[in-house]
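Labels for the chains are A, B, C and D, by order of writing; each one numbers its residues from 1.
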Amino acid sequence: MGDNKKIAILGASGYTGSELLRILCRHPKTEIALLSGDRSAGKNIADIFPQFHALLGGRSLPPLVSIEAIQPADWQGIDLVFCALPHGTTQHVVAGLPPHLRIIDLSADFRLRDAGQYQAVYGKPHQAIDAQKQAVFGLAEIYTDQIKTARLVANPGCYPTASSLPLIPLLQSGQELIKHASIIIDAKSGVSGAGRAAKESSLFAEVSEGLRAYGFEGEAANHRHAPEIDQILNDTINYQGEKDSRRIMVSFTPHLVPMNRGILSTVYVELANNTNLTDVRSRLTQFYAEKSFVKILPPGVVPATQMVRGSNYCFINVFADRRPGHAVIVSVIDNLVKGASGQAVQNMNFMLGLAEETGLADLPMFP
Amino acid sequence: MGDNKKIAILGASGYTGSELLRILCRHPKTEIALLSGDRSAGKNIADIFPQFHALLGGRSLPPLVSIEAIQPADWQGIDLVFCALPHGTTQHVVAGLPPHLRIIDLSADFRLRDAGQYQAVYGKPHQAIDAQKQAVFGLAEIYTDQIKTARLVANPGCYPTASSLPLIPLLQSGQELIKHASIIIDAKSGVSGAGRAAKESSLFAEVSEGLRAYGFEGEAANHRHAPEIDQILNDTINYQGEKDSRRIMVSFTPHLVPMNRGILSTVYVELANNTNLTDVRSRLTQFYAEKSFVKILPPGVVPATQMVRGSNYCFINVFADRRPGHAVIVSVIDNLVKGASGQAVQNMNFMLGLAEETGLADLPMFP
Amino acid sequence: MGDNKKIAILGASGYTGSELLRILCRHPKTEIALLSGDRSAGKNIADIFPQFHALLGGRSLPPLVSIEAIQPADWQGIDLVFCALPHGTTQHVVAGLPPHLRIIDLSADFRLRDAGQYQAVYGKPHQAIDAQKQAVFGLAEIYTDQIKTARLVANPGCYPTASSLPLIPLLQSGQELIKHASIIIDAKSGVSGAGRAAKESSLFAEVSEGLRAYGFEGEAANHRHAPEIDQILNDTINYQGEKDSRRIMVSFTPHLVPMNRGILSTVYVELANNTNLTDVRSRLTQFYAEKSFVKILPPGVVPATQMVRGSNYCFINVFADRRPGHAVIVSVIDNLVKGASGQAVQNMNFMLGLAEETGLADLPMFP
Amino acid sequence: MGDNKKIAILGASGYTGSELLRILCRHPKTEIALLSGDRSAGKNIADIFPQFHALLGGRSLPPLVSIEAIQPADWQGIDLVFCALPHGTTQHVVAGLPPHLRIIDLSADFRLRDAGQYQAVYGKPHQAIDAQKQAVFGLAEIYTDQIKTARLVANPGCYPTASSLPLIPLLQSGQELIKHASIIIDAKSGVSGAGRAAKESSLFAEVSEGLRAYGFEGEAANHRHAPEIDQILNDTINYQGEKDSRRIMVSFTPHLVPMNRGILSTVYVELANNTNLTDVRSRLTQFYAEKSFVKILPPGVVPATQMVRGSNYCFINVFADRRPGHAVIVSVIDNLVKGASGQAVQNMNFMLGLAEETGLADLPMFP
């Protein structure tokens, strides 16, 4: 284990933290060296997530410590830290981290590049504007080169990952296949996306045997995800000469589905003139031909979240709309893997010079 | 019970059949006189649906018979028959029914008015074209007057009910509030909508902990529901002088959600010029002000299927799209009640001159 | 409505409170006159449970008030109050209620008759010992006569209801059919039994796609339910001359099942000498022959919670154990209806001199 | 890959077949060389289970063939075959397999050692009695040495695996800690245990939001699992001098839980004289101290199926019964992994001289 990279996880007691551990415990080139969990300091991870009693043989994980108790010396042996803290808290932590340390943040803190927009969305000024400026957006298939050399990677949200991966190839400059103003994203998520916090709206009896839309005007969730999608798509179309990042503004409506894991995005688009479904399909297939984790399914096979559960894959397909000149794109991911901890490990692999797939070869689990 | 109307149900062994029984067993003005179930002839309904061991006190239901075994004399005392048979079979049965009998058909057989379109959608010619011509479309709040005097009512599909109720008021001639070409319906249904037939795609382990879209080009379900929605909306805009019923053609994508009951339709529309969200809201509120079962929720309250489970209600609300000039409408029903058997009883009440709400006063069951 | 009884509900914002409302809104002989909900004072019930936007026509419910805000004058017109408050709080409220008011308490506060045992189970002395002494245990089929004249009825727990209804007939003195020391109750409950409080252990992602046992030594739930079952069964065997109520001590293990509603009790018993399965079955059938809500299913039909969902029924059946001389009894109820609010209304009907079934004729909802 | 063992799977189109593939696709010492699926001959596995579109990089799987189409020459390069065929069919296939081929059968065909009992349970004589005699029962932790050299391993049922692992250490001769006649097994299973066959009883709408017991006298499932448990336990107590294998006869009641995966067995036992809970716990802890996949949880931690989902682990704990002298044991597995395909791979590892854990290091997936 001498050559293994030493990894820290801040915020290991939530679902993205435990999912990071599930993946990293089998990662052959890393070693978990430090775990924090403020409410659970002093406990072992298995006290909080009993599935970790399943660690094989001699393997063990360090006990949880509080962030405050971490001393500068503790950081010296660490190569990379995952921050799986609640939204709004990483920005206070990041300034205290030593410069040698590379950082992957799974919260929303560094996703929006524009400080003004951050304030507009979150209602308060960003507390680490310098760090925010240097953050690289961690959509692994798209920003690969920048991620490799980044110090701080802002891991994308689950909704933006599922929604932007099928759209980016269709929007790249010089190759626009769809009309910019036409994008409607009807997204559906499992409940683990809401985290492990004890909230009435996440209770089994509130969610089970039902379906709800949410995130409309005045609700916070929409403010968080939709501007992030706008930013990605506007980066893609490479708009120059104007400061307003909102050249593309998507319609975005999330829904809460009674399942643990999975996001399905149904994306409605109007095709550009002289473009047809075959063009769209060819473009997607070609764009992702060399990518390990994004698969365009064979014609007619409709992606379902069950097909990617527990894996780092994104499955995409495109279908004719009944209305001529329009198309429907369906995209699925596991929100905790490709939508969070899996993509974070994919980014870590890039940052550490490892093969992208290292530790991520799990096949989906069905049923 | 002497004045009670005598009711028959053909096809009582499926989910819509049993839901009819659940409702009618408490209906104060009717009496179940005849039940058919071909595969279960000779059995009691409680042998097939054990919940009917719960019939109170002296109440009982007639044993199931096969349709072939029903004699002309058996029909003499019957006032009204519900056909809850598989799609494609009612049209063979209806010709043999005596003229005095009023009929509510819960299958898709008589929903499409145009024989050519029926053939296009179902792949074979309609077998009861005369009956098809006289059928009244049973969208209870909209075709009330025609239903009252109809002999044969074609009870609407669950998807068309949930999707058209919020759109009709916005499309009525002289009052168009939305652009006709802009309608996108992203619909989500519970699994009971697929019926009680033993199919791999309806198995618990295929559906649970997952979400799938379906009904794209080449799949039958889309062909069935979308043309029905088109027909309703084109009726609404009262298009004259052309034979093509497809003046409006909606985009429609159904999804299968891991829950028993419920349909949620998310409808994306572009507002007409000089129209705003308040206009849309006012129109809906005013249109349904006197209707018992369609409720426009207070501003900001998002409809969820849990809110109408087990009841005949449709809850609707309208929200701003992020894109100016667009709106998002959310509509929910219980697919087995307002989407099938409840609306059928509502139609029966109209046909028998009873108060619309008779036997339908169940409050939603939550959780 | 002049003759209708005026009803108050304290604690209307939890699941048993909303279920009481669902039932009472259709009850023909009562009228909801007062609702309390401390955290929601000033709101309407539909703000907390949006399904109540479905109230038909002119019906309405009073706004929620805080208990502290209720004045003595407010109680004057009230005939009966349901207390659906958290365990431990009714005992503080009951002393302040005027003497004319009849009370049905859905909490655990008055279920255990012995003050010493109450303290042993709950860890603190009872605060209303006088009231506790006069409380009648509200197992509706068993204590009917006492309930009719009671001022204060302690509505049974959901587990004790499902578990004791099949055992009582087999234990009655002079007719013992099973060995007292042999009773093992393996009970399984849906999640609504844990209430609407925001707890990590009730989150969808903690409960879904899984099954857990709970309530072992040191956990509170077991302490609450098992002594209540012991008390009922020891009342049944009518033990005289000893103060210890624990002549029968059952084995009891609850499990949490990923469903909203339902309790299934699997009860393992050793038959008394010279007794066989037919004797057991006959005894149960005869005992409940005249009861509306307890049904012994036909031989071989296994009770399932789906068969009673949303209804006030208890379905029971008895089967041979593989081991000669033993039997397995299966009993199912809906925990929110027969296990809580439905039985409470059944008790109210007895107290008000109404037919037992009034307002409780809902058939089970399946699927 | 030259040294890798070549593996065949007969019956790859069911849930245990696809789970075998999920595991073996990551197994570093084997290679899938042949797949059969009669109804799907000619198709690729991804046509049947779309999650296999996720195979990384250059990996691929052979197309499905029908068993009849397999030629003797096809078997020559194969080292080991998994039979994941329906119960009753492997016994017809096994005679035609070449002698060099080692076999792991996941069906029930070779689990019961006694031909007379097989006939009693399955209603027809066994068709491969010679093979049955040489079959080794594949409970991996218990029959390790025999499995290593076996030609034919009968992989245990999921219920017997979960139920017998905690009981065997308590029953071993010379160390009996519990009374033989007292064993009651209340077992609960997810729906994938019923397989992928399209049956009404496995439909989502039949299973979801409900719980049922099954397998009582006259139903086949009980006949299959309970005698298998009896056989294991009677092997354990090493009864000599009598032919009747039923010295121990357990009480066994299975239940169907609305979840995809998981078995939880709640086992009620009476302790032997002079034995207490600490003795039981110590015995279990010591017995499994060196075993990779069976974990006795720390005192007070209650096993839940969520804790082992997707993994090959069995988690066990023991608790005090309220009745002195009795104990309650809780045991959980994933029915498709330790209860089927995972244990089959564990057995394969033994047979091929590999480390037991090879390819089975997946941590449980939660949530």
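Keep in mind that, in the parts below, a contact is a pair of C-beta atoms (placed from the backbone, for glycine too) under 8 Å apart; a residue touches a chain by one contact, two chains touch by 3 or more.
Just so we're clear, the structure is a prediction, and the values are computed from it rather than from any experiment.
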Between chain pairs A-D and A-C, which one is joined by a greater number of C-beta pairs in contact?
A-D
In terms of CA centroid distance, which chain is the most far removed from subunit B?
D
With chain centres defined as C-alpha means, what is the inter-centre distance between subunit A and subunit D in Å?
37
In angstrom, rounded to a whole number, how far apart do the mean CA points of subunit A and subunit C lie?
46
The positions of subunit A in contact with two or more other chains are 15, 192, 205-206, 208-209, 258-261, 304, 306, 309, 367
Spell out the part of subunit A that touches subunit B in their complex, as residue ranges.
181, 184, 186, 188, 205-206, 208-214, 216-218, 222, 226, 249-253, 255, 257-262, 264, 266, 268, 300, 302-306, 309, 319-323, 326, 328, 330, 332, 367
Write out the stretch or stretches of subunit B touching subunit C in their complex.
15, 18, 21-22, 25-26, 49-57, 192, 208-209, 260-261, 292, 295, 297-298, 301, 304, 306-311, 313, 315, 357, 361-367
Which of the residues in subunit A end up touching subunit C in this complex?
15, 190-192, 196, 198-200, 202-209, 258-260
